[in-house]
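This report refers to the structure that appears directly beneath it.
Letters A, B and C mark the chains as written, and numbering starts fresh at 1 in each.
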Amino acid sequence: MLKFILRRTLIMIPQLFLLSLIVFVLAKAMPGDAITGAFAGDPNATEERKEELREKFGLNDPWYEQYGRWIGNAVQGDFGSSYMYKQPVTTLLAGKVGNTVLLALFTLIITYIIAIPLGIVAGRWTDTWADKLIVTYNYFSFATPLFVFSLLMLFLFSFILGWFPIGGSVDIKIEEGTWDYIVSKMEHLFLPVMSGALLATFGTIQYLRNDIIDTKLKDFVKTARAKGVPERKVYTKHILRNSLLPIAAFLGYEIAGLIGGSIFIESIFSYPGLGQLFLTSIGARDFTVVTALVMILGTATIIGTMLSDIILSIVDPRIRVE
Amino acid sequence: MGNPVLEIEELRTSFSIKGDYHAAVDGVSLTVHENEVVAIVGESGCGKSALALSIIGLHDLKTTKLEGQVNFKGQNLLSLPISKLNKVRGRDTGMIFQDPMTALNPLATIGRQIEEPMDYHLKLSSAAKKKRTLDLLRRVGIKNEQRVYGQYPHELSGGMRQRAVIAIALACDPVLLIADEPTTALDVTIQAQIIDLMKELQNQIKSGIILITHDLGVVAEMADRVAVMYAGELVEIAEVRELFVNPLHPYTRSLLNSIPSNMEAKAKLHVIEGIVPSIQNLDRIGCRFAPRVAWVPEEDHETNPQMHEVKPNHFVRCTCYKNFHFPEGRVGEKDYVTS
Amino acid sequence: MSLLKVNDLKVHYPIRGGFFRNVVNHVKAVDGISFELQPGETYGLVGESGCGKTTTGRAIIGLNKATGGEILFEGTDLAKQKRSDRRTYVKDIQMIFQDPYSSLNVRKNILNTIAEPLRNFERMSPGEELKRVQALVERVGLSPESIYKYPHQFSGGQRQRIGIARALTLNPKLIIADEPVSALDVSVQAQVLNFMQEIQKEFNLTYLFISHDLGIIKHMCDRIGIMYHGRFVEEGTADDVYNNPQHLYTKRLIAAIPEMDPEKRFEKTHLRQSINEEYRTDYDSYFDKDGRMFDLKSISTTHSVALQ
């Protein structure tokens, strides 16, 4: 088992290297650079001044030297400085990572709280009105674009009803560490989490429903019934155990997906997380921040898939590693 | 013969297909006695598996209609509510399925799966359950029972898994075993081992066994009595020796003639004309086998074919067996001597 | 000259293990087997699942790569041919598969299914092609109009006959039949087996008949090779193997065939018990210290056994 985790971790190294290379090359290939971005709209910036700065920051060196410098620093946790915010990228991110992780975590929990029971109900009682209702909801959530739905939620619950704050992650007037602070955080999280979760249930519900319908017809379920196992236990002990297994294994992918998906949600709800930062940085061509963010999101994806592999190898005896 | 353990009377199992119910098992009556192996033999689609599942109500009741009676231990199983039926399943009946690769839950250990019926039917401590399980594993011929107890299905070979499936069926000492093609998915030598094991166990447990199979070889090795099934009906019932020496119904005779190992090498095998009718397209009036023996004159068939006891304990449906012979020119048939 | 001569054929697959997934061992699916097929005969390859019989058939037709040995077809070694050169022989060797449900493309009608090999190998006008396909379809006992139907409109036996018609289109010399009737009911099985015998004479075919069913093998084959763990255990005529089995494994296999006479069932059980007993006592004289079969030794002109 340990050997498997170790090998799986080692495989990550070339994956991450490749990712960093692609990220860096793509950033370099984009039109303009940090200097263009920093002086955008500044009439006093002359071409000579810009060129001078490029020389100073090493932006005229061959790309591999720049890459070497960048990766060398990145490994030590230094992603350079943001031109827009005039502070180290690491510090900039540190303030936002927590918010995004919180958002992703809550979205994940709420997604499962909604999706798993619905998937089970739809799968167990197929072709009943409950199943039809759930399937309808599912198609709706699949077809609705995230930003339309989020805007609708924002409009309805914040503007019209005024139940929730319009933006931010916490009320800045409240002192940190108090009960009110936590309540305020939750209030700010509620709409983004619900918007994300209500649409993210699609995959899990669909998968669970189909898997239960398949598993119901498996021979070992017939064996269980032939043993005299009551119907409820047939589900809890035999069908659900088998059908929930892949869901557990998808956990890692879900996390990766949610962190990536935070870009839209955070922008719409003006929620100060990595996603929002990502969009503003692209707009400002703040490439040090963009590359650092892509690296982080990419790493999250790679770790997520690794997590999925490891979870699956633990919960499924058929691929359990000795 | 011992006392009857199971009496099936006029059982009709109908499946809903596009809103209409069609009978896959169409008025089957059959009795199984203590310490007796009754084989139900027929080709795919004849209704033999549907019959097996009907006995302990394993069909989905939303799409299946069951009529008639299945009398077992003084009650009609068809009229029992599911809670009462669950007290019978696994306790007084045991079921062995065809494919040991799929009949076991991949996520539970062999030990757990054998103990499961004991959880619901026997009041035993967990130590007693384990002891009983290890004992069962030994009885079904698993030698390293301690190890197998904690193993998962995928860690065992097909033959070992089928032994585990048999152990599950025997967990609570049932009086009736239903084995649905228990050897079909196995390799030849494993099949022989399982046949020998089941014969040995039958001598020990003395319960009635229903053996569903398409393989006449398995029938010849294991059965005491044989019921031949065609298009939802039993067409012939006889003791095993009688059936192999003196088969009467044209379908039974055709089947016996189409088995290669029953015939001389390279001889032409018998081919039954036409195809097995599907349950939607089945003509339920008159002799159901008539379209497949087109040369038999119409007046030889009964208009409403009944089971006739032609000899003690030898029953044949329809009268067409009386003058039946394979047409000339269709070489290779062993024309069994009819009495 | 023999039509096909397989000489010390080996198909090994690497097993990877350890931290760096390097090759630690090999699965010896086929481990040095030799046999010959004379034109017009039916050679049976029989054994239990995993014995290597299917891999052997697939190696001959080129679906699995032979890792050693020779496959001489009319004197040319197919094992050493490049894929592109093999094309010439593909015409002469055809395969019939086990499952008539999955070996036909559900989206192709029968005309296109059967004509496919023709289009790959021969230039024919659509009219000629149609005639040829109709003739074949009629030969396998289906109506000529049925060529515009799709596989799901046929029964299992009919589908298997369509598979045979497809194998026949290019007038092959050798047909490798891999469990051709295992998925069929007994009465349908009979129909396909009869049919295979008929066309054998008509088209002068040689069969390599692969099956686990000893009854069918006995019925169909002139000579039989019994395989176990990738090796030959015994080879001989049907009479040699069934009536005078020499190797312990062959005896066990033959004894495993269900007895069709209910009167003899107890004898059969006792026979199997005594063979099991022999396995316990005499195992070492039939297998070497690694559990591998010895090389075949001939004990008569037709009969050879893997004994020390």
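In this section, contacts are C-beta pairs under 8 Å (C-beta built on N, C-alpha and C of every residue); 3 or more make two chains touch, one makes a residue touch a chain.
By chain, UniProt protein names: A = Peptide/nickel transport system permease protein; B, C = Peptide/nickel transport system ATP-binding protein.
Quantities reported herein were computed from a predicted structural model and do not represent experimental measurements.
When chain centres are set by their Cα atoms, the one at the greatest distance from chain B is A. Interface comparison, A-B versus B-C: the higher count of C-beta contacts falls to B-C.
As a whole-number value, the distance joining the C-alpha centres of chain A and chain C reads 53 Å. Chain A and chain B, compared by their mean Cα positions, are separated by 55 Å.
Inter-chain centre distance (chain B to chain C, centres taken as mean C-alpha positions): 31 Å. In chain B, there is no position where the chain touches two or more neighbouring chains simultaneously. In the complex of the two chains, the chain A residues touching chain B come out as 218-220, 222-231, 237-238, 241-242, 245, 316-318. Of all the residues in chain B, the ones that touch chain A in their complex are 53, 56, 58, 82-83, 86-91, 93-95, 97-99, 102-108, 113, 116-117, 120-121, 152, 154, 165, 168-169, 171. Of all residues in chain C, only 48-49, 155, 185-187, 189-191, 193-194, 197, 212-216, 218-220, 238, 252-253, 255-263, 265, 268-269, 272-273 touch chain B in the complex they form.
Chain B contributes residues 43-44, 187-192, 195-196, 199, 214-218, 220-223, 240-241, 244, 254-255, 258-263, 265-272, 275-276 to its touches with chain C in the complex.
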